[in-house]
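Each of the two complexes below includes subunit A, the first together with subunit B, the second together with subunit C.
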Partner chain A sequence: MVKITFITKDNKSTTLEADSGSVMALAVDNNILGIGGDCGGVCSCATCHVHVQEDQADKIGKASEIEEDMLELDDNTNEFSRLSCQIEISEELDGAVFYVAQE
Partner chain B sequence: MTTDNLTCIIVGASHAGVNAAFTLRNQGWQGKIILIDKDQHLPYHKPPLSKKALTAENQEIAALLKPEASYQQANIELILGAEVSNLNRESCTLDVTENGSLKTLQYDKLVLATGARPFIPPIPGLAGNRAVFAMRTLDDVKAIRACIDNKDVKRAVIIGGGYIGLETASSLLGLGLSVTLIEREERLLARVTAPVMSDFFKTLHQQKGVEVLTGLEVVSVNSEQDNQLVLCDDGTSIETDMIIVGVGIKVNAELAEQAGLKIDNGISVDEYNQSSDNNIYAIGDCANFKHSMFTQKVRLESVQNAVDQAKIVAKNLCGETIVNTAVPWFWSDQYDYKLQMVGLATGFDEIVLRRESAKQNTSLECLSAWYFKDGALLSVDAVNNSKAYALGTKAIQTGTKINRAVLADENEPLNHKTLFLA
Partner chain C sequence: MKVSEFTCPFAHARQSKGLGFMDDQNDPVTMLLRLKDVRKTAHNWKTFQSGAVPGRIVIPSEVKIRDTRQIPFELDPPAHGDFRALLDPWFKRPLEDEYQHKLDNIIDNVIDKSTSLASLDIVTEFALILQSQALTLLLNTPFEESKTWISWGTHVFRSDGEALDANKANILYDYLDKEIDRAAENPTDDLYSVLLASEVNGKQLSKEEVKGILILTFAGGRDTVINAITNSIAYLADHPEALEQLKQNPDMINNAVEEFIRYFSPLTQMGRVVTTDTEVCEHAQKADTRVSLCWASANRDEKTFERADEIVLDRKINPHVGFGFSHHNCLGATHARQILRTLLLKLSQQVSAIEVIDYKENIEELGEFNRKVGFDNLRVVLHRA
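The block that comes next holds the complex of A and B.
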């Protein structure tokens, strides 16, 4: 089990435990505001946009090319942007903090 | 507005209905929320049905829209396996049949999210044939897989060359079947895309091994034991083990129609998704609505449309006044090809086609078709090209003019700077 924290646009922090699946699925399953996951995680909707905490960018990893292209859809995109359906939960992710990009 | 004592009933618990229910709660709806569906299964994602769900090892694990517990947590009363058979607008009541017993439910606000069902054309030999399947629900997928797995089926005929037919072809090929796809029109995806895209997908499916027959109409099906003989209008006959029908849908508008609501290519609603009755709304596949971007009413069949309309209605019910401004978009995955579309091409007078070299790490072709009217971008179909899709979306959203010389030059890289005219 790893601990993952979401901080939503209203500044609410929610820490959840999980051991597998995508970060998007974890958020949707726990009704985290601002994560739609409308396409079911196939990198087609960009409704699962999060900002990775700056000092964790290396451990979370970079967006793929498709992901980067899709992120261009959001005005709120910066170098720490990821689509959370493309981040798989693993031991590495323990303590990760994600800032939800949309309201 | 206080909603404490109000009951909102939502008929249909799929992409539209489920999103409406949760958005209502998140937006502060205090009263009861009742969500009803005749499907027995916990609400699930539909797009994977023709894609991953069909090829998955286990069809029991559907991709749920929300986990079971979240309905209770949000205080949404979810009634599954229950069919709404009558709507009485005078008494604001619904007749609901659950496990053979009839009950009456009272609403203050009603949201119809009844979607659509597959249209099975009146071709002799289709109705009542146990080798014939539709592709709309989890039970359809389970039935198709049970047939393939238990009867050791090797051959399939797909009637209909739209997205669902093409995705199903791709999945069945992945399961090792030999697949024949029959389309009545002269080209695939005829209703939704330009001839260049139709040709592209025809070639793709042929290269993968699907026998694609266009301009051919099925006139009858004869079954002899487990063998199906599909007869076409030119005399061709094709032997197969199973038939999947994907020729389009019929809107579930009967409930609304019987209640005297305005019907016009679905349930007719305004820019707030409100029907001709102030207490009744319609969203998703069943709604023909007034979109702020288009002069004509449109009825769209996509997850984006279902979700966005659900949110609009929920927010308006909670006291906001907002209309739909979202640019429509859609995706389809076939083999390892990703098609993404944005906007509506209706009325285009020019297409710019762009072929780019394959992206890094893949050998997949990369293609995009840009539809214009009077020089303004209407829509983009992008194959393996999320960049074109994203740029197109931005341009349509903001009404930005496109530098068509750059667009048409395949050696020019595409980005905001090169493509967008100030």
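The block that comes next holds the complex of A and C.
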């Protein structure tokens, strides 16, 4: 089990435990505000936009080209943006903090 | 060629110049065919406007058959966002357990009846019925209303085999006027009543605005949902192994739904009106002319999608634009996705094979392009598992 924290636009912090699946699915299953996951995780809807904590960016990894194309036209995009449906939960993610990009 | 094969008519034009051209009632359309161009144009609402004369961004244009503005579809930000903020929670109700339970029942009943028939036309005896009955959930209206909507046939704006038909459209408009008056007099908990009691920016919605939202809900989710259902069933008929795959791996159903939406693209394109002289794909585009975002072509863009012309049932990365893109993404997408996800789950559990007896393709004529968008009829036998 790894611990993952979401911080929503209203500054609410929620820490959850999980061992597999995508970060988006974890957020949706726990009703994290601002994460829709409308397309179910195929990188089509951009409703799971998060900002990775700056000092964890290397650990989480960069967006793929297709993901970057989606993010390019989304609101609130910055260099730490990722679509959380494209981040798989693994041991390395223990302690990860994600800032939800949308309200 | 298989029944469910939908050849992309835009491939050559997309690769060579990125644009297509068609006339539409003397208001020509420059069609954007590449995924990145479609996305960027959809995002740039200041130059590519939705809030033009009502009906003009639709292709074929509906300018001659309606004056009512479809809301929020024919608005631009910020007004568009104000209406979406009001409507989004209602249109996310398909994710609620009670809604899902009722949808389960509707789909179970439609499949039950269909498997007891010697054969049936999927378009009129399955998809139209399912779409209409499911719409009672979205509107939160009595189930019996679906009988009226089924009696209108598959199109709400067209007679069979004809282009736009004002008389046919008036059936819908008159019906909506009556329903809105009814809700104003005796409010219930249906969408009409909820909207009549709602405010946007401190102003109560007018009957005309409520009608605009309802026209969008009826028209936007009619042909599109019927095509998505019918085409998915055609695929399962051609690929009986897919039924078994989905039955064994229900986790794959979401990927399959998104892939069907990409491949079949139930809505071919949507227009925008250009607000200032500009360029699209190195082509000069004058103010007050039209461009279209050709979702169907963008969804086959080989620069993004590997094996773009094949259905890959478990496609993992699928950045399609089948439900549009950016702020104008499809308001009814949650409802449509729940219908298709539930349908695939139930068919995989209850049907062992689908046999096509006869069919007639529905071909759209779009200037230099002819696109298969669905079927006028698709007669099949559904074999119960």
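Convention: the second predicted complex is superposed on the first by the 103 of 103 C-alpha atoms of A that agree within 3 Å, B and C clash if a C-alpha of one lies under 4 Å from a C-alpha of the other, contacts with A are read in each partner's own complex, and residues count from 1 in each chain.
Rule of thumb we're sticking to: a contact is a pair of C-beta atoms (placed from the backbone, for glycine too) under 8 Å apart; a residue touches a chain by one contact, two chains touch by 3 or more.
A quick note: this is a predicted structure, and the numbers were derived from the prediction, not measured.
In the three-chain model built by superposing on subunit A, subunit B clashes with subunit C. When subunit B and subunit C are set side by side, the one touching more residues of subunit A is B. Of the two partner chains, subunit B and subunit C are each touched by A:Val42. Of the two partner chains placed by the overlay, neither subunit B nor subunit C lies in contact with A:Glu54. Judged by the touch definition given at the top, the superposed model places A:Ile66 against both subunit B and subunit C. In the superposed model, A:Asn31 makes contact with subunit B only, not with subunit C. On subunit A, the patch touched by subunit B and the patch touched by subunit C overlap at residues 38-40, 42-45, 66, 69-70, 73. Within the complex formed with subunit A, the residues of subunit C that make contact are 36, 39-40, 43, 254-255, 257-258, 304, 315-323, 325-326, 329, 333-334, 337.
Taken together, the subunit A residues at the contact with subunit C in this complex read 38-45, 64, 66, 69-70, 73, 86.
The touching residues of subunit A, counted against subunit B in their complex, run 28-31, 33, 36, 38-40, 42-45, 65-66, 69-73.
Residue ranges of subunit B in contact with subunit A, taken from their complex: 15, 22, 26, 45, 47-48, 63, 66-67, 70, 73-74, 303-304, 307, 331, 333, 338, 340, 359-361, 386-387, 389-391, 393-394.
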